[in-house]
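I've put the structures underneath this note.
Consider the two complexes below, in which chain A is the common component and chain B and chain C are the respective partners.
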Partner chain A sequence: MHISEGVLSAPVLATGALLAAGGVALGLKKMDYERIPGVAVLSSAFFVASLIHVPAGPSSVHLVLNGLVGILLGWMAFPSILVALSLHAVLFQFGGITSLGVNTVIMAAPAVVSFYLFGPLVRKGHIMGILGGFGAGAAGIGIGSILVATALVSTGESFTGVAKLIVAAHLPVMVIEGIITAFCITFLKKVKPEILEVGK
Partner chain B sequence: MKRFETQGSGFRIIPAVVFFILYLVSSNASAHKVNIYAYAEDGMVFSEGYFADGSRSRNSRIEVIDAKTGEKLLEGKTGDDGRFSFKIPKAASLRLILHAGMGHQNDYTLSEEEIREALGMEKSVLRDQEPEAEGVGAENKTRPAVSGASPSEIEKAVEKVIDRKLQPVIRMLIALKENSEKPGITEILGGIGYIMGLMGIIMYFKSRRRD
Partner chain C sequence: MHLEEFAEGESFFHRLDPRVKLLTLGPYTAVIAVAHDPVVPLAALVLSSVMAVVAGLDRKKLLNRLAAVNIFVLMLWLFIPFGYPGEELFFAAGPLTVTKEGIVYVLTITMKTNAIVVATIAMLGTSEIFSLAHAFVHLKAPGKLVHLFFFFYRYISVLHEEYSRLRRAMKMRSFRPRTNMHTYKSYAWLVGMLLVSSYERSRRIYNAMLCRGFSGRFPVIDHFSLRKHDIIFGVLMSTVTITFVIILTLS
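Now for the complex of A and B:
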């Protein structure tokens, strides 16, 4: 889901950077002292998740876990994901420094959307928690794929063509990610229910 | 007490989860990065596209452009083994751009010397010395006595043998290069360390502000 350097045009990169900056500023505002360790732990989880490869079709697809990050952090997903993506770019050359803004939006915006869509559901009963977790995980990837396709339209590829390809490639990841997120949410509810009380 | 018990059973799952994740990472470490490698030989360019986990980038578009002028010379698609080869279209520095789809792209530039050499346009070392040798005198012409082969024939034969002998070495080097581009455990742990360090710094400054 990382867009490489030199693929997108300058206006798209600039728009991405601006949107990312706005999201990060909002996230930092909401991040009080007690939340910092949680943000860092999820940043690490996100950092490692991208190294877990899911064999799917001709391309290489990996876990993202942005749905989980979103449910647990809300707007704080923006700074959390930005840190992890910067390290991806520097250490592994996934994505790139110039496409950092766009990539942050691609992965953090769906996180915030799943927070608002599935956050309330997750905090309800047991079954609802599982459903909400699955929905958040799947939506994180699904919306992310559509954002990638949108960003790539500017390179001259047709939206429907690219979107179909990307969504198809990410379908297995959506399911896997939904299951993992549901599992994590159920687990956290049992062990550390207070972690789900974000989003004030 | 009851709460303690649930916590205990919960934390017993953590090592299992960690091991599961480490297993996945170690067996299938990969991500969205595509690489391209190319070399020129015998008037042809051979290129290969592969992802960070070593899997080939199949059916991907490769664009070949003149590195100096930016003029597009040709384009093609990689096969099932991620390879794409073509006849050298022009004696110039060539840039190969691999489009692996979904925003993945990388490029590789072949230098002009490399291309010229593969086309056989590079001046031969032995042939260069020929006029000079002739100038010394006809009676000194002992070279053909070796086996009746001309210097250029000898050079070609030697080149062929060296090429053949170097094949495994080149393959090994490509494999090494591919391996070095895979994310290693040092980098993974290092990245987590950076995040923890950053957390420490932010907490340090925030805690002073709170006083």
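Now for the complex of A and C:
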């Protein structure tokens, strides 16, 4: 879920950069020095997890897990996703320097939304945890793909077709991410409930 | 896990000061990204290709990277030339028409994308990640962000090993990924286990740092020094970027 370099228009890139800077500043404010290793190593774990390809019918999708990042890290999802995307930009060039801001917002804004919408739910009972987990995983991808579409359409009307296709293609991914996030939350609540408190 | 594929080498770009690279690459790519007409992207594509040659990038690896990046661009080629307002070129498949402006627009995007990506690989790919992080400190990036990046990058390979260990354990127990609940549950628990071990490791890291009197700063042993070729390159790149800006404002 990222937009390549050279596609978006200047106002969209600038808006993305500004919003990302605001989110990162808020996240850094929450992250005092003793929390840095925790947030950083969790970010490394999410980076490694994004290499996992899960089968989905005849094809496969790689995990994004930005909903789960949001549940665990709250506003600190912004700096966490920014460092992960800058590494992607330098190493793999999936999205690069000029689109870094937009891509950070695309992934981190849904993470923060998940944190506020589903965070309290996740910390309740078993069934609520499953529902909240599914909601966070699905919202992470769903809102993200809508943001991708919005960025493209704001650049030019001619992107409407591609934008629709992108949103449609992410519908099955929403379900898969929802299921995996729900299982993951249940697992963490049983094995290491403290992790759910890192982002508070 | 070998991530820095292009960082080894002896070319001009490998020896260039990372601070100069970061300072010049930012404006250069920004100008390409906001260009409207095909002139600047074309010039930039040529210039970036020259950089790739000077950097002595492995051709096969470079093409692999470009192929991955261009999948998204390919999708644009399938959509945008049709129905883009402008002069009709020819009829294609009933109501769909291809316009000249549409083709030029997608071609411009393609050149922009590739020019930026090639320049990024030639300039940033040829530096080690840690020296780029070090350069960011000198460029007054927020200290916490640089620390976060440092730890994040440092522990990727450690967690990747942990991941491979868990994968092997699953394989030994005859795990075969398929499209079913069992697969999703197993992967979710794999991710969960990865998060648990990363959390515990981060606690140990922090305690070890406290034991060694961490005060919020990393002492750096290597220092950058600005040499003649760094300054010449900086001036050259700035001239190119300013020329691009002038062309854009005139057209």
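We adopt the following convention: the second predicted complex is superposed on the first by the 171 of 200 C-alpha atoms of A that agree within 3 Å, B and C clash if a C-alpha of one lies under 4 Å from a C-alpha of the other, contacts with A are read in each partner's own complex, and residues count from 1 in each chain.
Note that a residue touches a chain if its C-beta (ideal position, glycine included) is under 8 Å from a C-beta of that chain, and two chains touch if they have at least 3 such contacts.
Please read these numbers as outputs of a predicted model, since none were measured by experiment.
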**OP:** Identify the partner contact of A:Val12: answer first if only chain B is touched, second if only chain C is, both if each is, neither if none is.
**Re:** neither
**OP:** Considering only the touch criterion stated at the top, classify A:His62 as touching first (chain B), second (chain C), both, or neither.
**Re:** first
Original post:
Should A:Val162 be classified as contacting the first partner (chain B), the second (chain C), both, or neither?
Top reply: both
Original post:
Just chain B (first), just chain C (second), both, or neither: which does A:Val113 touch?
Top reply: neither
Subject >> Superposition-derived comparison: chain B or chain C, residues of chain A touched >> reply: C
Subject >> First, second, both or neither for A:Ser4, with chain B first and chain C second >> reply: both
Original post:
After superposition on the shared chain, which partner residues are touched by A:Val48: those of chain B (first), chain C (second), both, or neither?
Top reply: both
Original post:
After lining up the shared chain so the two structures overlap, which partner does A:Val148 touch, if you call chain B first and chain C second: first, second, both or neither?
Top reply: first
**OP:** Scan A:Val24 for contacts with chain B and chain C and give back first, second, both or neither.
**Re:** second
Subject >> chain A positions touched by chain B in one structure and by chain C in the second >> reply: 3-4, 6-8, 33, 36-37, 39-40, 43-44, 47-48, 51-52, 55, 83-84, 87, 91-94, 162, 165, 187, 191
Subject >> chain A partner contacts - residues on chain B that touch it in the complex >> reply: 6-7, 10-11, 13, 21, 24-25, 28-34, 51-53, 55, 57-59, 100-107, 181, 183, 187-188, 190-192, 194-196, 198-199, 202-203, 206-207, 210
**OP:** Would you pull the chain A residues touching chain C in the complex into a rising list?
**Re:** 3-10, 13, 24, 28, 31, 33-34, 36-45, 47-49, 51-52, 54-57, 63, 65, 68, 72, 79-80, 82-84, 86-87, 89-94, 96-99, 156, 158-159, 161-162, 165, 176, 179-184, 187-188, 191-192, 194-195, 198
**OP:** Could you pull out which chain C residues touch chain A in their complex?
**Re:** 3-5, 25-26, 29-30, 32-34, 41, 65, 68-69, 72-73, 75-76, 79-80, 82-84, 102, 105, 109-117, 120-121, 124-125, 129, 132, 142, 144-145, 147-156, 158-160, 162-163, 177-179, 181, 183-185, 187-199, 201-203, 205-206, 209, 216
Original post:
Any idea which chain A residues touch chain B in the complex?
Top reply: 1-4, 6-8, 33, 36-37, 39-40, 43-44, 47-48, 50-53, 55, 58-62, 83-84, 87-88, 91-95, 148, 151-152, 162, 165-166, 169, 187, 190-191
